[in-house]
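The structure appears below as structure tokens.
Chain naming follows the written order as A, B, C and D, and within any one chain the residues start at number 1.
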Amino acid sequence: MFLETVRSEGLNHFSYVVGDNGKAAVIDPRRDCKVYVEIAKRHGAQITYIFETHRHEDFVVGSLELARRTKARILHGKTLAFKYGEGVKDGDTFNLGDITLKVLETPGHTPESISLALIDNAAGDKAVGVFTGDALLVGDVGRTDFYPDRKEELAEKLYEILHRKLLPLGDQAIIYPAHGEGSVCGGSLAAREFSTVGYERQFNPMLAKNRKDFIQHKIWEEHHTAPYFRQMEKFNQDGIPLVAKLLEPEPASADDFSAAVENDGLFVLDVRSPGAFAGSHIQGALSIPLDRLALMAGWFLPYDRKIGLVADRDSDAAEARLYMMRMGYDNAALYLAGGMNSWAEAGKSIESIPAVDVETLRRRVANKEDFLVLDVRNRTEYVQTPSDPSVHIWIGDLPQRIKDLSRNRRIITLCNSGRRAIIAASLLKQAKFGDVEVCLGSAKTYKTLQIPGKTSKRVAA
Amino acid sequence: MFLETVRSEGLNHFSYVVGDNGKAAVIDPRRDCKVYVEIAKRHGAQITYIFETHRHEDFVVGSLELARRTKARILHGKTLAFKYGEGVKDGDTFNLGDITLKVLETPGHTPESISLALIDNAAGDKAVGVFTGDALLVGDVGRTDFYPDRKEELAEKLYEILHRKLLPLGDQAIIYPAHGEGSVCGGSLAAREFSTVGYERQFNPMLAKNRKDFIQHKIWEEHHTAPYFRQMEKFNQDGIPLVAKLLEPEPASADDFSAAVENDGLFVLDVRSPGAFAGSHIQGALSIPLDRLALMAGWFLPYDRKIGLVADRDSDAAEARLYMMRMGYDNAALYLAGGMNSWAEAGKSIESIPAVDVETLRRRVANKEDFLVLDVRNRTEYVQTPSDPSVHIWIGDLPQRIKDLSRNRRIITLCNSGRRAIIAASLLKQAKFGDVEVCLGSAKTYKTLQIPGKTSKRVAA
Amino acid sequence: MFLETVRSEGLNHFSYVVGDNGKAAVIDPRRDCKVYVEIAKRHGAQITYIFETHRHEDFVVGSLELARRTKARILHGKTLAFKYGEGVKDGDTFNLGDITLKVLETPGHTPESISLALIDNAAGDKAVGVFTGDALLVGDVGRTDFYPDRKEELAEKLYEILHRKLLPLGDQAIIYPAHGEGSVCGGSLAAREFSTVGYERQFNPMLAKNRKDFIQHKIWEEHHTAPYFRQMEKFNQDGIPLVAKLLEPEPASADDFSAAVENDGLFVLDVRSPGAFAGSHIQGALSIPLDRLALMAGWFLPYDRKIGLVADRDSDAAEARLYMMRMGYDNAALYLAGGMNSWAEAGKSIESIPAVDVETLRRRVANKEDFLVLDVRNRTEYVQTPSDPSVHIWIGDLPQRIKDLSRNRRIITLCNSGRRAIIAASLLKQAKFGDVEVCLGSAKTYKTLQIPGKTSKRVAA
Amino acid sequence: MFLETVRSEGLNHFSYVVGDNGKAAVIDPRRDCKVYVEIAKRHGAQITYIFETHRHEDFVVGSLELARRTKARILHGKTLAFKYGEGVKDGDTFNLGDITLKVLETPGHTPESISLALIDNAAGDKAVGVFTGDALLVGDVGRTDFYPDRKEELAEKLYEILHRKLLPLGDQAIIYPAHGEGSVCGGSLAAREFSTVGYERQFNPMLAKNRKDFIQHKIWEEHHTAPYFRQMEKFNQDGIPLVAKLLEPEPASADDFSAAVENDGLFVLDVRSPGAFAGSHIQGALSIPLDRLALMAGWFLPYDRKIGLVADRDSDAAEARLYMMRMGYDNAALYLAGGMNSWAEAGKSIESIPAVDVETLRRRVANKEDFLVLDVRNRTEYVQTPSDPSVHIWIGDLPQRIKDLSRNRRIITLCNSGRRAIIAASLLKQAKFGDVEVCLGSAKTYKTLQIPGKTSKRVAA
């Protein structure tokens, strides 16, 4: 038997290849799916089944793409009207050599969610592992807010299947969830990627709650819902064009790139580091540092405009395009060949955003300089280490909330490193705010430097 | 927290890098240790501890090599007189960010064996995992025969620590052993690489035995002991030259290679496939197919002669050298540039070994042709699917047992694919047996084709 | 300015990327064309022109494939009715930054052949290099036999353009031909890949001939014409399906593979080394060692049957498929997962071909054993080092000539290493010859071992 | 025959592997020399000779390193007292299969310089190529100023050998020089990398000069002489420690890195892009963008202090270290793990340098703002597109000239893209200049925007 995990960085999405004796199944493949074929080949196996634990909201599932290459059957929960694949139900079993994958219908995160118990018939009849999708995660459980008017029902269902289906698999079962820490599909996931039913039973705070508290907690729980989720739902229910048919973004000279901006409305996405964007960027560009792109693109990028990439090197542009593709953004059309150096050589105009460190920020607060600190972390972070005096608007909400901010005052954006603060600063500049600075430092440290007696104004979360 | 497994194919040795918040530990590193540094770097961590769960018998541990690069402390059991590193004892703890590694002295496999409980302080106080070395394996426990006159004592100790130290960690703990299926350090390991204390408690047959049966079983149990184990023990207790100082094997033309054979006593090791060796090879060459080399080199290769490699391509020769190095064979001096094609082009003489398939073998048996089938599988395989009529000598024993075989009869070697049979055939030809053939097929299939009424003669195991 | 050569091994085809200041041209691209895009990107350039020096006979040109990715214009000689691209004529110029590419119509090898003079306007007005297609090669000139009834006309044209167009470019010009040594498009190419007009003027024997001798030589000259040339001409004149739409060959278990052979008429192509094929192979398989495949596939492989690959490893199967694809063989459907080891493990039947070295061959000749030596080298090799007593049939002609050979005698095949001899041996066995052996050695050496007084019988060439 | 070029980017150094029939020679290897062994192996060849065309000034030659691996002989001009290798003299020949390498003593660039004519005995007796070291380059000839009191003598010698030894080889010979455009070893090299004796004879301006003009030109010619040249001369005459013994730089957390700066005097080298450095950097850091490092390190980096690297990613730090190593900088001790993001997360203080584009710069000049434009390009660039009003100090001279600049005025640095301007800005800030800005744009464009009537003040070159 073999089992390999494929991580999609940024999305913190886990997919799996499991197989035995020449046959393999893939659970929740991503769209760039060559990796699964290669893993299977390495183990001398053919992929015969593709399972989707549920209709994903945060990335485009690669089932159709993978099925095109492998002729494998696509299987998912039967209670949603997918336009492809086959429905499965509780108790269905699928064999791969000595392995049995047994379907458990585990609604809650979504109504059609399934889990798959992994049984090694060569050893014993209890599950040695379980693919839990977004039902049971390491340190948390799946969110239940995707159907706003069915929140209570789904929370109840989740409680039921956790206690009646997943925990009864036994303490010995290793869990293989669809997401790890940092995913938009969970709130309080552990930094650790591995766990067991037994470990979660004892230490997962959500499993310690009784039914009533659990449901209440889930109803009250707040999660971010990105605009792109609707797009993902559509893609994942109906299918999406095959990757093989897409063209790669082409290199463009500084002249061609700026012409495309001016004449064709090219949307400029700059994936360089926060410091590099602060130091010099193209007017109107949106900053999303590459290591945040897989996670954050869906909040800020349009599906209906051609996108031009600015990166430090070609391989970064290729990586950016990959992350975009995983979220269905097939509109990366160009990248600036030679990066900002070629832009500068061509004498094109640049803009900068002044960068400050936390020590400086604190000193300027102490000096009663007139500016507003805009803290764009999520609410949990903000509550744990408040950045008072500040205004808090979570970065994902900023496009909608930007109208609430005064244009007459200097704004200094803040997060835990500068990576989200620079996104915020670029959004403000796109919206023609005149006096924007960015703190390349952490609100956690800022907190320790803080001046007593000040309080923050909470705008929204 | 991060935890990554590094597999050494062939040896089926597992080593681990575990870390948190900028610090990492490596458990049981191999000699080519760059991989650990790279994993740690990828997680932004420095390696500060190197643990050896025990003095390994089957490969050269890379602790000194890794310590040279990282300045990390080397830690191992305190009851053996290692010439480097520091001894640890039951209850010692080592912290890496939020992780605690807690030492459990777990003698049995060897007297100084330790295990390391992995505790995630951010989640709970019970072990989420445990590095078990060769104490508890997936589906089996470690062998206890390395000190022949202390077999009973060590079996008792192993029983004790399994039931008093490892099982009490709780069903939820994932086990991270030092070896997987196919290792010479275990007998009946599962093909699956992952398990938990809870799964093993329920399904590991050795944990189901009572104390008396367990000890009896361990005393009676038979394992292969390779000649090279003594060398490994010495290297691993005293240290071995650093890899960085070794030279790589040089390419040699057919003329230079044959001159080295004739004039310098070069030992020729041919790592090509069984069929390729059978088809054409250099006189006197030993065949060990590349995918068997990591496991089998120690039974057949000399430490004190220069070795010349024959491979299909340069990268295979490099891989062969890597496997050899992991077992302390630093004597790969040459490889035949251009492989057997260049040998043929140079008009050098070749030898062949006739190859037969199992159907042919069976037909010739039925026709009462006069030959001896030499089955070189291990005893378990032989007992499960006997190849009567045949003589059984396990491949590792063949060098010592070759004198028992008659030189007056044709010998046809047999295993489960031809990979060990070709080693055997090459050993016989090295020993000047005149009439040797190889079966490129499986004794398992042969069995089903068999003629009733014949019985095998058992020579040895 | 940059200029990079892309070599296609086996075909010994050279293609080029040349560019300056953000623009690049590709000359004679192959079908797997990502490499050109990557080179251009590395130099910050966009590919704007694709030149075909002529309609190639020996591989599928990748112009359409590359144009799909880059939107570049495709340019070739105007005197052939290509179904795509644009015609160019003598004196047309194309600029890339400071570079000028100037078209020279250079008919001879084919009527529509062009060359491209490379002028560096930053330095001087004479050509610093010239892309010569198959007109002028290193040490030879292009063959002129593709239009059998226009041989004299084309030979005349070639003489003219060599002396009136190419030599006048000046001694200083470096030549960049479409092929190197070993190509089927030339006869006596030098082993060296680089030369200049001046060097060729002085040392190319074809340029030393007067007009009459030159034409006579070209008319008399003999070249091999592979069956697949017609297919290439069609593909290259009309276009071929895009690579992106092709599926990769799938791994097949031994059972599935043998079922495909028996039930679907799968054609088995074994790309392992000669020794490996000799040692053990699947009945009916054709042997073409991987390093001969790119060159020889077109003589032996069918376009209209599914092909199953046997290789030592998956990457070899992928490489074989690549070579096939370059010649328009898009019918590699399967490969045997796990190679011959998995075949043996499954107990499938195998066949062998006895292998002999040249010393043995010679001894057996001396002993007057009754067999026929079949020398399958080309005529030049055969004439230079005759292998008497032997029958000479060039390997490419063997499929047509096989009927001339007696089935009542042992045949031992011979070339210069065994790589073509094993192809021949496998063809004989496919044709049900009963007693076939292969010499894994070189006729060159054989010659030196020879017995006086024997003469060879020449069957054909 | 095979001939491959190995380019060392940045240094624009070319080394070569040439060989035939199992033997190879390397000309002017660099210190990281595995690449040569790999090329030779790919061609089935052993490296038997290592030639040094002269004692290099701009990088550490890898002859000893390569000889350690290959046992090859090291050969160089006999008129310098090297502490290793053997001297060769005019007319000496060395054979590799059918190749002859013939030594030409070609003093001029240095007194012991040699060239090597490449003769392909299989084709003709004239040179098909010539390895010219720094004697004859593409579009230029070597500099003759390394022995200030022997300038005239060396210029004369160079003239002699060009016209009496190199040109007589014939127009057909391809030249293989030791350097390409951008090297510090030449002034006016062509952007093209390939040429022939014939092309240079016709278009190289230095070869068009008569003896007197040539010598005068060479005496007057000005070149930059880096401080590190003395170190290179010593290393290359006496030898340098083997690379295999060096340790790689270790990752350091922000805390450890800043502690090393404060406590151990760590010298911080930041290799990120100009915009990134401008946006945010560590106080006191020297900026040398990675793509300038190979060329410029020797002007600014100390040999006697531990150096800590700041890069966007680990692989950049590794690349930086490689470039440093090629110039004998074996003192890269640390790199900042996680780069500037981890620095920001740790709340460390940062500094910025305001960046302006050329349009802005021009506008501010027009507005008569009070600042000084410091143009750090080389004199040729400066003369071709003056940036008046400005002060011109070539970047390599800045450390010595910095004392000439006023600390009371704002300084804006300028080059052709920002890559040298940012080095200059960081040097000024290291020297405690208070008001420094950087122009991320090109003086070439600036020129076209210029205000008439202003003139520049020339400080030095």
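Side notes on the structure shown:
As a convention for this text, a contact is a pair of C-beta atoms (placed from the backbone, for glycine too) under 8 Å apart; a residue touches a chain by one contact, two chains touch by 3 or more.
If you want to know which protein each chain is, UniProt gives these names: A, B, C, D = MBL fold metallo-hydrolase.
What you see is a predicted model, and the numbers here were worked out from it, not measured in a lab.
The most distant chain from chain B, with centres taken as the mean of CA atoms, is D.
Averaging C-alpha coordinates per chain places the centre of chain A 50 Å away from that of chain C.
Centroids built from CA atoms put chain D at 44 Å from chain A. Centroid to centroid, with C-alpha atoms defining each point, chain A and chain B lie 42 Å apart.
For chain A, no residue reaches two or more other chains under the stated contact definition.
Under the stated contact rule, the graph of chain-to-chain touches is complete, every pair of chains being in contact.
Across the interface of their complex, chain C is touched by residues 1-3, 20, 120, 122-124, 126, 128-129, 139, 170-174, 190-199, 201-203 of chain D.
Residues 272-281, 291, 312, 339-341, 344-350, 352-360, 416-419, 440-442, 444-446, 448-449 of chain D are the ones touching chain A in the complex.
Listed in rising order, the residues of chain B touching chain D in the complex are 22, 40-42, 44-46, 69-70, 244-245, 247-248, 250-253, 314, 337-338, 342.
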